[in-house]
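Scrolling down, you'll hit the structures one after another.
Heads up, the next two complexes both have subunit A, just with different partners, subunit B and then subunit C.
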Partner chain A sequence: MNTPLLEVKDLQTYFFSKHETVKAVDGVSFTVNEQETFGLVGESGCGKSMTCRSILGLVKSPGRVVGGEILYKGDDLLHKSKREMQAIRGREIGMIFQEPMTALNPLLKVKDQIIDALDKSIYNTAEKRYNHALEMLKLVGIPSPESRLEEYPHQFSGGMRQRVMIAIALCSGLKLLLADEPTTALDVTIQDQVMKLINRLRDQLKMSVILITHDLGVVAQMCDRVAVMYAGQIVEMTDTRTLFHMPRHPYTYALMSSLPGAAGSSQKRLPTIEGAPPNLANLPEGCPFAPRCRFAQDICRKEKPELLPYEGDVAHLVRCHIRDGRTQFVGATAKGKQEGGAEQ
Partner chain B sequence: MARLTYILKRILQMIPVLFVVIVLIFVMIRLIPGDPARLMLGETAVEADVEALREAMGLNEPYTTQFAIFFKNLLHFDFGNSLLYKTSCIDLVKERLPLTVSLTVVATLFSLLISIPLGFVAGLHKDKASDQAIRISALAAISMPTFWVGLLLMIAFSVKIRIFPAGGWGTTPLEHLQGLILPGIAQALMTAALLMRNLRNSVVDISRMDYVDFAVSKGVSTRRVRSAYIMKNSLISTITLLSTRITYMLGGSVVIETVFSLPGCGKLLVDAIFARDYAMVQCMVFIFALIVLLVSLITDIIYSFIDPRITL
Partner chain C sequence: MSTPERKCLLELEGISKWFPRKRTVKDAVQHAERQYVKAVSDVSLQIYEGENLGLVGESGCGKSTLARTIMRLYDPTAGQIILDGRDITRLKGNALRQERIKMQMVFQDPYSSLNPRMTVYEMLEEPLKVYHFVPKDEIPQEVDRLLRISGLSPEIANRFPGEFSGGQRQRLGIARALALRPRFIIADEPVSALDVSIQAQILNLLADLQEELNLTVLFISHDLQVVRHISDRVIVMYLGAIVESGKTEDVFDRPHHPYTDVLMKAAPSLDVDARTKEYAIEGDPPSPISIPSGCKFHPRCTRCQERCRTEQPALTTLPDGRQIACHFPLNTDSP
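Up next, the complex of A and B:
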């Protein structure tokens, strides 16, 4: 547990076009320990998916990882050759996608899609490969796996496809699973089943999970530690319990209070975060969240804040200028209204 | 088993289509102004003779009876005698059809041979130099009329370098093949360019699909990703285009057959139209319709092998 399984240091993934550079991931650092579920939370386009894609080397042109390190078991994945990466993908680090409808090849039988992911030197006979494919479908809880193996993706329901995708991703014994919003496309009851499945498999296969989501409920249910991302940067990172009980970044706080059933939101309309995420090609001078922040002060609009330990706690990092006097966000509502009014 | 019922179903579906084609041919020929009997006997014939011939040809019967006779003969592939050649239409077609079909087959093979590798390379190297070069060549190929390409090829490979005949297709199968190479290439060029552009675009689109990323993320080799994930999916739309292009080339064979003076159906059809040889036109239209249906049947069968979603 001492050396982290994955250590991302100052990762920068930019997208280049003729006129502008979009900083999709702008200096992201975090660690994932063994057998831990690490959550990456944020709005659409905040860079959480791109962080994951960078880890697996799946960033497509015009995007490029321009800086940082991705240390997996101490080795920098950014310096691996194509061949070496191929040996890591699916064997050490794998990924499941958001859309089970589009992430499976419609023209191949489920059996073949599992077998494609197997290491042919270990599963060296057709029989071994078949048996392992069967084993995987059983593992993810697909009924009558023998006949299902011979079917095509379109013959499966959404939830079952997500299970198939998990089976494929895990079939070579991953150490780290990147789950990119694995339940967003599914309905709520199926969501719960799939999350429980991921949890069970994590314990059973002794792997770590990076869970990308915008659903804080899922975070509470699944994650050990969480990083909240905004505009390509981590704005707050701590363990799940602390995040829910003492959110220190205004953005985290705003996310929390827009949860149904969260404190102070009962019987009223859900609070929303006004405004839209900033244009990543043209970030404001100061804190990217400042234009939407109820607590923003002059310094927030001028200087970019650093990601620093909160009150000396190195396990709780916050990227915010207003570091003191904000221990009582809940009580700050009245003050916030005044400031919000002044802002407009 | 599912595939067999699917194919059977597809064949049964052809029957109403074929019936409509037959009705259309019947109506079409009767809508064209002019009296066939008068046409056969010529301008100077006596009215009584014409009337006698009309009676003999059954043209005085009601349309329903005419259609019944027409339909019955059609089922026996009996289209009557050509007005122009005074012999059985179907025999003439039978004699010439092999050339047109072979020409189309050769052209199809050439276009596939050219378009599949180039389209795939261009799609995988989107916006790189190879892609640009391939796309510009495709544009050039589309802009050149078939007959002109045919003439150029003839000048180059029959006149300057004498390796292929400038026309005709000889008598032996080898001579047939030699005679079909140049017209085949000329005929194939535009189709190849269209297929290539289509394939290039679908490769670009498919490469962006989640399942391709997922395949990469699960550690599948680049070669396998390209063949089983990108290529296979890209070919689906290309096959659709190919089937329409094949029927188009079949119909367009008249131009290239004329350029290379090949005795094929295209020329037969044009001659028949100019000579108002209605019997012949009917026969050819029917045979062409039959071939078009056959091509689309084969396409659908190929589909059912590639795309499992089809058979449902």
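Up next, the complex of A and C:
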């Protein structure tokens, strides 16, 4: 196996206020290999976006990365100076956001916004820059790119704006793209187009993608490996197939079965996860999911579980105390449902 | 479920809602004709008592405009709205207010649809007071009841909406909609802004309330799986018009309209083993200002033929009660 492109080790990003410390990211470790799509899934407030911002050095005060390492091609990004980070941001690691309207400047033509992001030492004439901008629009599949370059963001539809965002992010030959809910604000048919565009570009430009999403359907269609996050921690990490066929953490399983599509149309009541995610400033003593977990036992309320291989499988990590037949049973029913769903 | 003798609670007859565009100086100089955004054009439908009717379509297809027109928040450009046997299309003032008691709305965004300066109690008390719905001394009990049936604790009555999570806020939105004991609820994307685990709770609550209170629900959503789960019948809209309707299982199992088929294929499947590289559909939906000639869907349709470009297909009712507007429908023997 080749060395991973990005290695995050025990990342901790906390937010400080007078009265409390909010552990937004609390000891997150994962690796992203070359040309792979790695998914970070979870509900709002679980720390998935903050993990991404930490990688890019974009955590704003009162938040701070307080511990851990972020190794990009072997170098720790946390020890880079501001200037060095600026050289990496946009050149090596780029990011696209959920809301393509607010991320683009409404006063500048699309052409100028793409050209702005180009490296002026490589594209050293106006003609070269224009041609590259044109090429980027073609790459992301925008029809009649020549005339579109002269237009402003408000003249583009949501899907086209997201394509422009992707073009801007990719125009300097990225190695790693961080995509924070890139399709959430889009209609299903447009979401489908943007998802497949990102997949195609990943293969074509030989880059890696970290995809942040709350939508398990998007994960199933795009990711090679996935980490499920809850309350600032990874609770389960494995390859996508294993996650959907054999989820081992009660939270992963509960998330999957609470989706209307997974439960089957005959069932009138959806299985729910009672309660709400915990307050990150005031986490319960044991496992943060214990108060909402159907399988919680005494040990879950007292001790925090570790992220450990499931039955010796180092590629499948689970943060749960319960490792006996019960979770196995949970996995088996989920598998049955998945297969049943495929037949319909 | 819908037997023919079931009572029709709401009927729309050829409802259209066009918004005029602002005339520019250029238009005035050139004596150009006034342009309209044709948000909803010629929609007819029936909603039967006690059913949950799903309304699906992409953004801009007119589903929210239709909902607001039914509520008489917009005046329809053409057509009739008949609620419980009474034509409410042209009602005004007090007469309209009295009819509006029968229908209420639950909104998408539980953050912007609740007044941050009103406590939960004030919010729920207001409609009761305005309509003199219950005697003054019974208002506290009534607020208690509303909170309880929406799955909230009556102790929260003196708190502000800002103190609650998205799921709790949406429960408050539902409690407020139920205050006047309406018979008909329009839920406009009620779960789209919520997390998955909370979404399931709200869907269950809506299903329970519908059964307990014998509510009729128009459930608007862009999420096909949610509609498939909760609705008895479903209507698919595209560019302001109905393209297909029918019982939920029938429509989802055997879609007749190519657009319905595309919508289903585009929704990301949970099946990891079924990945495709082809787009389900190319292009964006056209703008409702310049609607394509003939079939509105023809520029994006893979089955498009000459006839589709010129002749607009009428919404026809099939023997099994399904409606379809397509010249060359899918999965059917008799076109």
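Here is the rule we go by: the second predicted complex is superposed on the first by the 321 of 344 C-alpha atoms of A that agree within 3 Å, B and C clash if a C-alpha of one lies under 4 Å from a C-alpha of the other, contacts with A are read in each partner's own complex, and residues count from 1 in each chain.
The rule is simple: a contact is a pair of C-beta atoms (placed from the backbone, for glycine too) under 8 Å apart; a residue touches a chain by one contact, two chains touch by 3 or more.
Quantities reported herein were computed from a predicted structural model and do not represent experimental measurements.
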_Using the superposition on subunit A, tell me whether subunit B and subunit C clash or fit._
fit
_Per the contact definition in the header, classify A:H79: touching subunit B only (first), subunit C only (second), both, or neither._
neither
_Contacts for A:V188 in the overlay, against subunit B (first) and subunit C (second): which applies, first, second, both or neither?_
second
*Measure off the angle at the C-alpha centre of subunit A toward the C-alpha centres of subunit B and subunit C in the combined model, and quote it in steps of 10°.*
70
*May I ask you to decide whether A:A254 touches subunit B, subunit C, both, or neither, giving the answer as first, second, both or neither?*
second
_Applying the document's definition of touch, where does A:R89 land relative to subunit B and subunit C: first, second, both, or neither?_
first
*Using the touch definition from the top, say if A:P106 reaches subunit B (first), subunit C (second), both or neither.*
first
*What is the contact status of A:A276 with respect to subunit B (first) and subunit C (second): first, second, both, or neither?*
second
*asked:* With both complexes overlaid on chain A, does A:R241 touch subunit B (first), subunit C (second), both or neither?
replied: second
*asked:* According to the stated criteria, A:H19 is in contact with first (subunit B), second (subunit C), both, or neither; which is it?
replied: neither
*asked:* Looking only at contacts as defined up top, I'd like to know whether subunit B or subunit C touches more of subunit A.
replied: C
_Nearest approach of subunit B to subunit C by C-alpha atoms in the superposition, in Å, rounded to an integer._
7
*Could you give the residue numbers on subunit A that contact subunit B in one complex and subunit C in the other?*
none
*Enumerate the contact residues on subunit B facing subunit A in the complex.*
208-211, 213-222, 224, 228-229, 232-233, 306-309, 312
*Across the complex, what residues on subunit A touch subunit C?*
43-44, 157-160, 187-193, 195-196, 199-200, 214-218, 220-221, 240-241, 244-245, 254-256, 258-263, 265, 268-274, 276, 338, 341-342, 344
*Can you list the subunit A residues touching subunit B in their complex?*
56, 58, 60, 82, 86-91, 94-95, 97, 99, 102-109, 112, 116-117, 119, 152, 154, 165, 168-169, 171-172
*Could you please specify the touching residues of subunit C with respect to subunit A in the complex?*
58-59, 165-168, 195-201, 203-204, 207, 222-226, 228-230, 248-249, 252-253, 262-263, 265-275, 277-282, 284-285
